[in-house]
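Order of writing sets the chain letters: A, B, C and D. Residues in each chain are counted from 1.
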Amino acid sequence: MSILIDKNSRVIVQGITGRDGAFHAASMREYGTNVVGGTSPGKGGQFVNGIPVFDSVEKAVRETGADTSILFVPARFAADAICEASDGGIELVVAVSEGVPTLDVIKSIKFMESGGTKLIGPNSPGLISPGKAKVGILPGNIFKEGTVGLISRSGTLTYEVINELTRSGFGQSTCIGIGGDPVVGLHYIELLTMFENDPQTEAVVLIGEIGGDAEEKAAEFIEKSMTKPVAAFIAGRTAPPGKRMGHAGAIISSGSGTAAEKIEAFERVGVPVAKEPEEIPKLIGVKL
Amino acid sequence: MSILIDKNSRVIVQGITGRDGAFHAASMREYGTNVVGGTSPGKGGQFVNGIPVFDSVEKAVRETGADTSILFVPARFAADAICEASDGGIELVVAVSEGVPTLDVIKSIKFMESGGTKLIGPNSPGLISPGKAKVGILPGNIFKEGTVGLISRSGTLTYEVINELTRSGFGQSTCIGIGGDPVVGLHYIELLTMFENDPQTEAVVLIGEIGGDAEEKAAEFIEKSMTKPVAAFIAGRTAPPGKRMGHAGAIISSGSGTAAEKIEAFERVGVPVAKEPEEIPKLIGVKL
Amino acid sequence: MVALFIGLNVSRTAFSKSVYHLSIEYKSIGKESAKKMKIHEYQAKEIFKFFGIPIPGNTVCATVEEVVEAYRSSNGLIAIKAQVLVGGRGKAGGVKLAKNIDEARDAAEAIFGMQIKGLTVEKVLVYNALDIDKEFYIGLTNDRNTKSVMLMVSAEGGIEIEQVAKKSPEKIIKFSIDPRFGLMDFQARNIALKLFGDIKIARKGAEILKKLYRCYVDMDSSLTEINPLVLTSEGELVALDAKMNFDDNALYRHPDIEALREVTPDEEEEIEAKRKGLSFIKLDGEIGCMVNGAGLAMATMDLIKLYGGNPANFLDIGGSSNPEKIVEAMRILLSDDNVKVVMINIFGGITRCDDVARGLLEALKRISITVPIVIRLTGTNAKEGKEILAGSDLINVDSMGEAARKAISLV
Amino acid sequence: MVALFIGLNVSRTAFSKSVYHLSIEYKSIGKESAKKMKIHEYQAKEIFKFFGIPIPGNTVCATVEEVVEAYRSSNGLIAIKAQVLVGGRGKAGGVKLAKNIDEARDAAEAIFGMQIKGLTVEKVLVYNALDIDKEFYIGLTNDRNTKSVMLMVSAEGGIEIEQVAKKSPEKIIKFSIDPRFGLMDFQARNIALKLFGDIKIARKGAEILKKLYRCYVDMDSSLTEINPLVLTSEGELVALDAKMNFDDNALYRHPDIEALREVTPDEEEEIEAKRKGLSFIKLDGEIGCMVNGAGLAMATMDLIKLYGGNPANFLDIGGSSNPEKIVEAMRILLSDDNVKVVMINIFGGITRCDDVARGLLEALKRISITVPIVIRLTGTNAKEGKEILAGSDLINVDSMGEAARKAISLV
């Protein structure tokens, strides 16, 4: 099993003729991902590393039966590319692009809603179901197939944690970087639900950061709806207080976004929180 | 049975404190319609002819369990009132207002889509399920409960036809004026489907007009999907050619919108078309 | 600082030499089209320009001398187009090219004062002719079936677009736009790629499509067309013609558009009637009609024709029953000398028959009426109405069929 | 004709006498807030004005004489507010009232040159004080949970709004706005009715809510607040304060807002670093950190603290592995004299360890480095990286825990 992607995922790369698009298309294919095509308006008919290029997502889906796409397009075109993917029939869109205006992200998420398309990102390193498929820029070699699901707001910190898991013998079912932007697609709760329903996954690691109250909301959800064990790590325990952000941020959140509050929320519902990445394998609650 | 409204419909009047709203609220109640309330921002708590007034549709629905609303608000506020009704949980909105900008109508229809609300109008005289309920401005006394469903783009012409039906002994299940504007909510096909599925309805009368190709589309639909007999009447057989309307209108329609084309489309699929209103009772295809 | 918040750019205009185009007539019918306000090509181009859609120069001239002057600042070949609020300008000789001053003067002299469908040409539009590679069609209109704004484009633009629509509908791309998102970048690009093929031209075309949609929506248009949009030999796309109609119901949001309204002589009566809450269209028969409701009014005309008569007009008194309106309706109706008999067909609903009757009595008092009047009153307060009219000369009948037959017999 | 297409009206401003208000501080944390550009109150009010949101007068003064002049054209009681890009102006004495020229002069002299959180007051905003009946709070921000723009309003506006949010959250109305439709009339009206009670004031309030949302979206704001929105004794609603932050990612669409950027001395280093693709925040410890990725950088700081050390900075070199960037990062890091040891923690992914190693060698060549450097390299091309650094003085370790412990031992 695994969630969101596996060996059957048919992946296209939006912006495949760009430097990053071409590089990661090849890298994903090397990992074993079924990369069936790419898009670049006006370059339909060309090939990039042997992968066929189409003018539009619609055409790419029609010709290749793609169900998953990953974007390597400049930030200011990313929201439109997300909408194109959704409109073209893609079921899962992974947006790596960094620096997408938040209101654009909000609009594209609303656009996707009617089509039922799922979004990972933007500003996400993507996701990987080890041994099956990688749709993202994560370094495939540190992952190992197994039973731990992982959800993270972070990039390299995720690799650090994965490294500790793999070193300790804990393989992973699927690992997802949800993206660090103020508004992103799939978040903790949607992904926790999927892991709860995934037979391969036996435990989940959640990597959070200071800011917002998503971790607190995840803790509430875990208490109510998760039967599988969850362990957490929060980055930013010692981060300095940031800049003034007005009253609105405080009013909208249940807390102030500090690590202490998040840790407290997790511990209150029985989710152990690691003090350092090394500690995580000890806390995940399943035996090897 | 009947379609869309019956004795159980719980109706509110949006704009009940206005002259038309107050008058027709009383007139509908007199007919037997279950008028449970009305709205007028800032006038919540008042009563109009004994009917309670609420500040918003949301409140009205919460307090009265309304599921149907009829608008008597000025044209420029009508689209917003339609959206408010949909957002407030109303299932059927009847817009009598004339002169609503078309792009406002388009937007409000898109807004309603997600909520699943149905719209009749704008620029509609409303609808009536004789003997059960009237939500509109139609003169109740000419109708008679029975088995003929009626759909019309017209107002007084409908009365003329109803009068002929009633005089000839054909009662009606439900009669709907869909409204004469360029874009309206429920149209022929949606309503034909409902009549096809309504046990009370045995035959349908469709009253069309020149312009557009809705009648042609209805004819196609009848051929494919209707088992119940349908008879039609088209107003404007001898209307003079109108003003130049650009190529777009011609391109968008399958035909040129003439009565001759519409009549031909109906007759081709076996729907008899009356030459004058008097003829309709003879054509409806069911026995008394 | 404020200047930046006005998010619209005025685009560059493209000038160059070449061919102009003619545009054919299309007749529509029915009551809806009457509700769509039209403006001149040069006015539509002014709006296009504001929304950043490339147009050729837009010099409007009102005299021959102004045209000659415009020629002098041209690049040597100009198009001169009559500006009247009807189509068929090309066919009527209202569009001409000029490649020197004498030709410019001759053309201007020929066009000014020309009658096109009863309208006198008072203004012409002059611009440098363009060197055209290809002509495209772009149109936007509200669509009843999809309940949305429909974008239509074709690579077979120009005068034959309707033939294309009939004979090769697959050559016209139709795209329904979701008003919640507008025409999105990828949609515009994908449509433009299909239309223009080349990605460089498609990118320019996509910009035009997006701007045209924005223009359509922001201006509450009911029809916006570019036919043709031309691809010049320099690879630029230019709106060679421009057509915009507006949703009358939304004109309250656009007072400056409303201010552009020009009433043709034919329309004056209709406009006057509209001001009084009446919907009036003059025809050429002998039976003056007065009916409540547009559908019933059309059905009444149909019935008259069916029985062999000829209606003199379409006159819908609408839904209210102000007696004063009835007086006005009678006045307008009888101002036509062709009218030999009047047929009144009222089905009372909102309109009360007694109000109509009172209005008629008042009209009989105030206007000298020499033709017979056949009246059919039914519905709300019909009995009261008939009683009011009991002592008058009006010929009372019971059904619309009877009314039509009686009226025809009295012509 | 063109003027009409600019669909925004500038509203009237309301003047009158009275009380001003103070606004409290709120400290936020984390990396997101650093990405939100701020502007001055008077600039936000200028934008409000453009969008038709009523503000009190907006006279900006840069000298005491200008303030005195502003007093002379006032109605006798003015508010003088320091314009600095931090909160807590009231508490710091940066907001004063004046009811005669002497008071105006004294207040201006006191405020100009005042230091508020390290910033010197160079401008003040002067307006006629208002006679206030009631204070409301209105805020808009992007919401992670609902993935939408959230409108928050409260009848308990003013300085205590956050206490209200904590103690009586039911007194704050939160409303998630669907970007496809914006804040619709009925929504704005229903929210305003709950907030203001009276329908007349609610209608004015609904207009302000709609305009504020339009302003928020059109300007790509990330936070827009009016606190307080005041109801004057004349029944007018006026935005007494104005706060706008902007989404840095969208500033390319708003060059005029970008042009308003003022860099505080504290931020200069951060901005300089950002220009080079680095994310840098200065702290006050002794261990200089260089990490790739913000999350890992935070985790590294946490680890140093956990083991009893003190980080000197947050430095994220991001995802690329340009060796030149590494040289710059070392330069910025070592410009802090407090730094006694450098800890480098790299988990190669996109970042290649060999590139980092090459950059470090280059830095060692170009910069005179006297402090010890502990380095942990793992991930993509770690082996190659370690080989490149084999001959150097850098202290190579295998895990981030080990790196932290080693660095602390060397302070």
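The rule is simple: a residue touches a chain if its C-beta (ideal position, glycine included) is under 8 Å from a C-beta of that chain, and two chains touch if they have at least 3 such contacts.
Since the model is a prediction, treat every value here as computed from it, not as a measurement.
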{"item": "Chain whose mean Cα position lies farthest from subunit B", "value": "D"}
{"item": "Distance from the mean Cα position of subunit D to that of subunit C, given in whole angstrom", "value": "53"}
{"item": "Distance between chain centroids, defined by C-alpha means - subunit A, subunit B (Å)", "value": "49"}
{"item": "Geometric centre distance via CA averages, subunit C-subunit B, whole Å", "value": "27"}
{"item": "For subunit D, residues that touch 2 or more chains besides their own", "value": "180-181"}
{"item": "Where subunit B touches two or more other chains at once, by residue number", "value": "107"}
{"item": "Arrangement of touching chains [line / ring / star / complete / other]", "value": "other"}
{"item": "Chain pairs that touch, as defined at the top of this document", "value": "A-C, A-D, B-C, B-D, C-D"}
{"item": "In the complex with subunit B, residue positions of subunit D that touch it", "value": "181, 184-187, 189-190, 193, 198-200, 202"}
{"item": "Subunit A residues touching subunit D - in the complex, by the definition given at the top", "value": "75-76, 99-104, 106-107, 109-110, 125, 137-139, 142, 152-160, 163, 180, 182-184, 187, 207, 209-214, 217, 233, 235-252, 256-259, 275-278"}
{"item": "Touch list for subunit B against partner subunit D, complex", "value": "41-43, 55-58, 77, 80-81, 83-84, 87, 107, 111"}
{"item": "Subunit A contact footprint on subunit D (complex, rising order)", "value": "25-34, 36, 38, 86-87, 137, 139-145, 147-150, 152, 161-162, 165, 172, 174, 178-180, 217, 220, 222-223, 225, 227, 243, 245, 247, 249-250, 252-253, 281, 283, 291-296, 298-299, 301-306, 311, 314, 319, 347-351, 378-380, 399-401"}
{"item": "Partner subunit D, residues of subunit C touching it in the complex", "value": "1-8, 43, 46-47, 50, 180-181, 218-219, 254-257"}
